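Please read the structure below before turning to the comments.
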Amino acid sequence: MRVGVLTGGGDCPGLNAVIRGIVRKGVPVYGYSFLGFRDGWRGPLEALTKPLDIPAVRGLLPRGGTILGSSRTNPFKEPDGVAKIKSNLQQLGVDALIAIGGEDTLGVATKLHEMGVNVIGVPKTIDNDLNGTDYTFGFDTAVNIATEAIDRLHTTAESHHRALIVEVMGRHAGWIALHAGMAGGANAILIPEVRFDIEQVCRWVESRFRLDYAPIIVVSEGAMPKEGDEVLVSDEKDAFGHVRLGGIGDWLAREIEKRTGKEARTTVLGHVQRGGTPTARDRWLATRFGLHAVDAVHAGQWGMMTALRGTDIEMVPLSEATKELKVVDPSLYAEAEVFFG
Amino acid sequence: MRVGVLTGGGDCPGLNAVIRGIVRKGVPVYGYSFLGFRDGWRGPLEALTKPLDIPAVRGLLPRGGTILGSSRTNPFKEPDGVAKIKSNLQQLGVDALIAIGGEDTLGVATKLHEMGVNVIGVPKTIDNDLNGTDYTFGFDTAVNIATEAIDRLHTTAESHHRALIVEVMGRHAGWIALHAGMAGGANAILIPEVRFDIEQVCRWVESRFRLDYAPIIVVSEGAMPKEGDEVLVSDEKDAFGHVRLGGIGDWLAREIEKRTGKEARTTVLGHVQRGGTPTARDRWLATRFGLHAVDAVHAGQWGMMTALRGTDIEMVPLSEATKELKVVDPSLYAEAEVFFG
Amino acid sequence: MRVGVLTGGGDCPGLNAVIRGIVRKGVPVYGYSFLGFRDGWRGPLEALTKPLDIPAVRGLLPRGGTILGSSRTNPFKEPDGVAKIKSNLQQLGVDALIAIGGEDTLGVATKLHEMGVNVIGVPKTIDNDLNGTDYTFGFDTAVNIATEAIDRLHTTAESHHRALIVEVMGRHAGWIALHAGMAGGANAILIPEVRFDIEQVCRWVESRFRLDYAPIIVVSEGAMPKEGDEVLVSDEKDAFGHVRLGGIGDWLAREIEKRTGKEARTTVLGHVQRGGTPTARDRWLATRFGLHAVDAVHAGQWGMMTALRGTDIEMVPLSEATKELKVVDPSLYAEAEVFFG
Amino acid sequence: MRVGVLTGGGDCPGLNAVIRGIVRKGVPVYGYSFLGFRDGWRGPLEALTKPLDIPAVRGLLPRGGTILGSSRTNPFKEPDGVAKIKSNLQQLGVDALIAIGGEDTLGVATKLHEMGVNVIGVPKTIDNDLNGTDYTFGFDTAVNIATEAIDRLHTTAESHHRALIVEVMGRHAGWIALHAGMAGGANAILIPEVRFDIEQVCRWVESRFRLDYAPIIVVSEGAMPKEGDEVLVSDEKDAFGHVRLGGIGDWLAREIEKRTGKEARTTVLGHVQRGGTPTARDRWLATRFGLHAVDAVHAGQWGMMTALRGTDIEMVPLSEATKELKVVDPSLYAEAEVFFG
């Protein structure tokens, strides 16, 4: 059997570890050969391939990124996209596909499966907002990077009696903010799931200063004040003439300065959260996802994806992962609120 | 209500985070006061206390070790131990105890509970071998430290064409070896649960060298060869006249050199695995254990302990944690074997 | 003798290590007592003090920030500033001052020395742009943090075929950019000392993409294109109605996208560069600066500051450090250019 | 011109960065071609080569170890060694050699230069004990790794009221112990240059415990007690029947336990100190050594080696590096003694 492998969407520490796990088990145990597809769904769409054998995966375990490249190409938005993929798979002699990706990539995988392509999915997002699995790989690495940054900011905040805001990834779900904020000892954590009250945030800032400590606020990029989106909109325009919304972190710093009279500074962690070597836990999870994905190929469990449940890897329907986002539960957020202010 | 807190057994990254979680919630939410007991069960036995209020737990989240100190004192081995503890608790006005510890500490807690002391447990072991919980805090930190060491050893092994053996903690269970070995890309992982065949290990070493790579072997301190303990026994004596058994790591290096003719070196990671700042995940788990332990005090769930199940913290009977060790399942070990050799 | 200690200007990893070095030597060896002044020159100006004895400096070595706090207060800009300082020192019985700070703090120290105050200086800047010393502490930490970020960004850049720009600290001197860019394998390093040609930068970007690698550009916050400041100016206004210049990193991303048609993203490292635990080297340098500063008090070397020369700590006149900035030498920058493109 | 490159002796973080620096400058700037020799002097002796061009050095900057391999082969101890080398260089068309190594490797280089081979040296040792240069690359990495380990051990020592001994590399010079001990806040640092008094060490241990802190002792592997070697000798024999001397760290733990009655534990850091990714500073130094080494080839400065002097790279005679070890100066050691006890 010949198995194609592709990685789609934003990159994520652990992608290479999944690829390695697939190949290191599939070749000797099942006698499979593998073909890498480049740049997500663009690979099978345009027959862009890369050899994928055991020598090709040597040394991959600790490496961030993906040797297969990635893209956000969606074959359902390309003319004859699905037909081209089917034809390319046939011509290349590829019997099954392992698609490693997030909501979009697995959404395509789900539809292709329904159209008769043999697909196994591996869920991937540093945001941890995919359903059906306790955690996704890459998330633990992102949380550790953000936590280390918060650790560093504590001392600088206190030396200068400043509020420091840390903007982390998370457009629709606050998992990174919640975990890193809890682990870093933040004095407020603002997430997309719960609209925040800027007046309340300022009270937390002030109560913290009264204790002679400097507040750290961790905010998801997708968090929003109660007042709504409009407060963020200004008539600023960027170099291309587009209206600049400005990041929520910058908005918070300006509001806190204006309302409390204290200095505030923002750090936007950005892409460092998604690059580089994975943590031990992410390597472990990604490797196991790879091993179980190739087992699923062997078992012909098409349309299923790997999932972590407790300490076990299980196979769940791809549709489960993509039906709705996994957001932070209010009771979990309430646990963290003890530490606010 | 006045609540005593103690930490027993070997130290573990995250102990301070548990203590902080307990106090940060217990004081403002439940109106409790807290009393720290020093050095494990020695504290209540000898009435050794330490103030424990909100200022006392500031800055504790990232700090390794335990501000309360630890010991292996067992009150059931002391004359009138239990009576002294009961009397001290009464005189100090302590209504309930939160005991944070491993098998021994929680074993004492179980018995005290049966004798009428109000006890809540928090499981702790870097070895991850306590039952009833998916993971214990400290384990993730230990695995990351061991994985970083393995990462570093890969390059030195290859530059010198040497086999490198890494001895990690784990007397009765191979969790650290298994996770760090998988995450570090080890070519063999030897754990206490499975007696290993030194001839097989040497074949893995040789096959790795044939590929022009240098082998890394991760071994739990409690792993044993098939031939049995006797091979490790020699007539060597240490400075005190005791027969030296020698660590398994050293034994492996000598055997590999003797049998394969290749150079081999051993690194014993030792106490660095259990010290220092916890990973983000361990801080998260430890903090949540602390929060839920104090909730359990409020709910009067005496004789129960906090446990991680999937992504939830649940309360389980203390007896569940201490009835038998949680060892590595053969099927999990079999997953790793794909990478051996 | 009673010696006052203060820290001024932006915080910097190693400040606490200097303070610890001063006290740990000054108390037992010279029999001095110490008094901490809070928040830079505001401390002696307003008689804001903090006890400073051996227990107060326990555990300080690995801690970022400064336990004394900092500010940018300049007593020469306050009415009767110098007179107040002199009077406060006399009333508090302080015979000498150790001032730890950068250009501004040491500039004040220089003038106070000329007006008869017994001052010893310790140079501090993460930017490494103070004259008279080979390096300042904090710089090595900042460079390591920036290098780790660049390491992480390499994999994400290549997975997405994007140019990634890393904006690091350095308004007037490119030391952090040069060192981190060299250590991180940047494909272009842009520093304030050399106006860059955006067309040349785009050619480097394109040549890198042609090799199927993704370019990383490290830029000092103070770097400027040849075309001059005006290109950065837009009619954008921020929330306070001020014209936004925009960071050079954002400007570069927009220009590269516009001119090459490739995606580009910017990461602004910001305050994480100056917070948190110092590297071993910075702890070593800061500790030695502290030890030698208190030796200089004993020797009465008023108006002098500690300086690193090769592997030695020497005393040089305060005026030497503040007369002009230490900028990157063209020959050193030329060394790095081999790696551009 | 065709230039051979080899790396000899123990591996060291930064070796690959030197190789990369040589090739990245030598090819485009001077038009040289390069040939890698494998496994130190064994390479030219047995004509074991490895291609070395720009693609071969991609991605090398952050990688520990050496892609050329290493060995301790000494051509002067092989029959006709020098003649074979000369003949192989001629047959392979190699006009000059860059030898990267420590005392032994550079000693061979010195003699070959005197016998007419065109050699440039690059000094390498993690021990920092080579003369002629302020620092060698790899040393900063080793010191940081040891310092991180000490940071971790502090908390475990205090939680258990134990003395912890950290044995670091350094057979003949105490540089790693001195720097890591200072940076890690050790309570005693024992180095080969100064025979220590075990009674004094025990007094430091006891005074530290009296302050309710736990002592950390950093010891070079080559440190010796005043009583002399004999105290370390016992009649213990290892598995091969050889008398075991035992490491100095283990000896210290036993003596401290015996003499003070306190628990003591030893951690031997071993090979993790020399493996893995170099610090930013070591990458900077190694890269510059590579650039200047190839400049020296161009300038025909045979018999010279690169050296760090302050912030400059200079060329010094190879003989200067190898004439005697650079040991720790007593005045530098005296600086550290302030922190003992």
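All chains are identified by letter, namely A, B, C and D, in their written order; residue positions are counted from 1 within each chain.
Assume contacts are C-beta pairs under 8 Å (C-beta built on N, C-alpha and C of every residue); 3 or more make two chains touch, one makes a residue touch a chain.
None of these values were measured; they are calculated from a predicted model.
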- line: Chain-touch separation of chain A and chain D, in steps, is 2
- prompt: When you check each chain against chain A and chain C, which touch both of them?
  reply: none
Task: Could you find the chain whose CA centre sits the greatest distance from that of chain D?
output: A
Whole-Å gap between the CA centroids of chain C and chain D: 30
Message: Quick check: how many Å separate the C-alpha centres of chain B and chain C?
response: 41
Query: Hey, what residues on chain B touch two or more of the other chains?
result: 151, 277
Message: Chain contact topology under the given definition, line, ring, star, complete or other?
response: ring
Query: What are all the chain pairs that meet the touch criterion?
result: A-B, A-C, B-D, C-D
Query: Considering the complex alone, what residue numbers of chain A touch chain B?
result: 24-25, 28-29, 58, 61-62, 134-135, 140, 143-144, 146-147, 151, 179-180, 182-185, 213, 277, 279-281, 283-284, 287-288, 291, 309-311, 335, 338-339
- prompt: Where on chain D does chain B make contact in their complex?
  reply: 7, 10-11, 15, 39, 63-66, 69-71, 145, 148-149, 151-161, 164, 234-240, 244, 251, 254, 265-272, 274-277
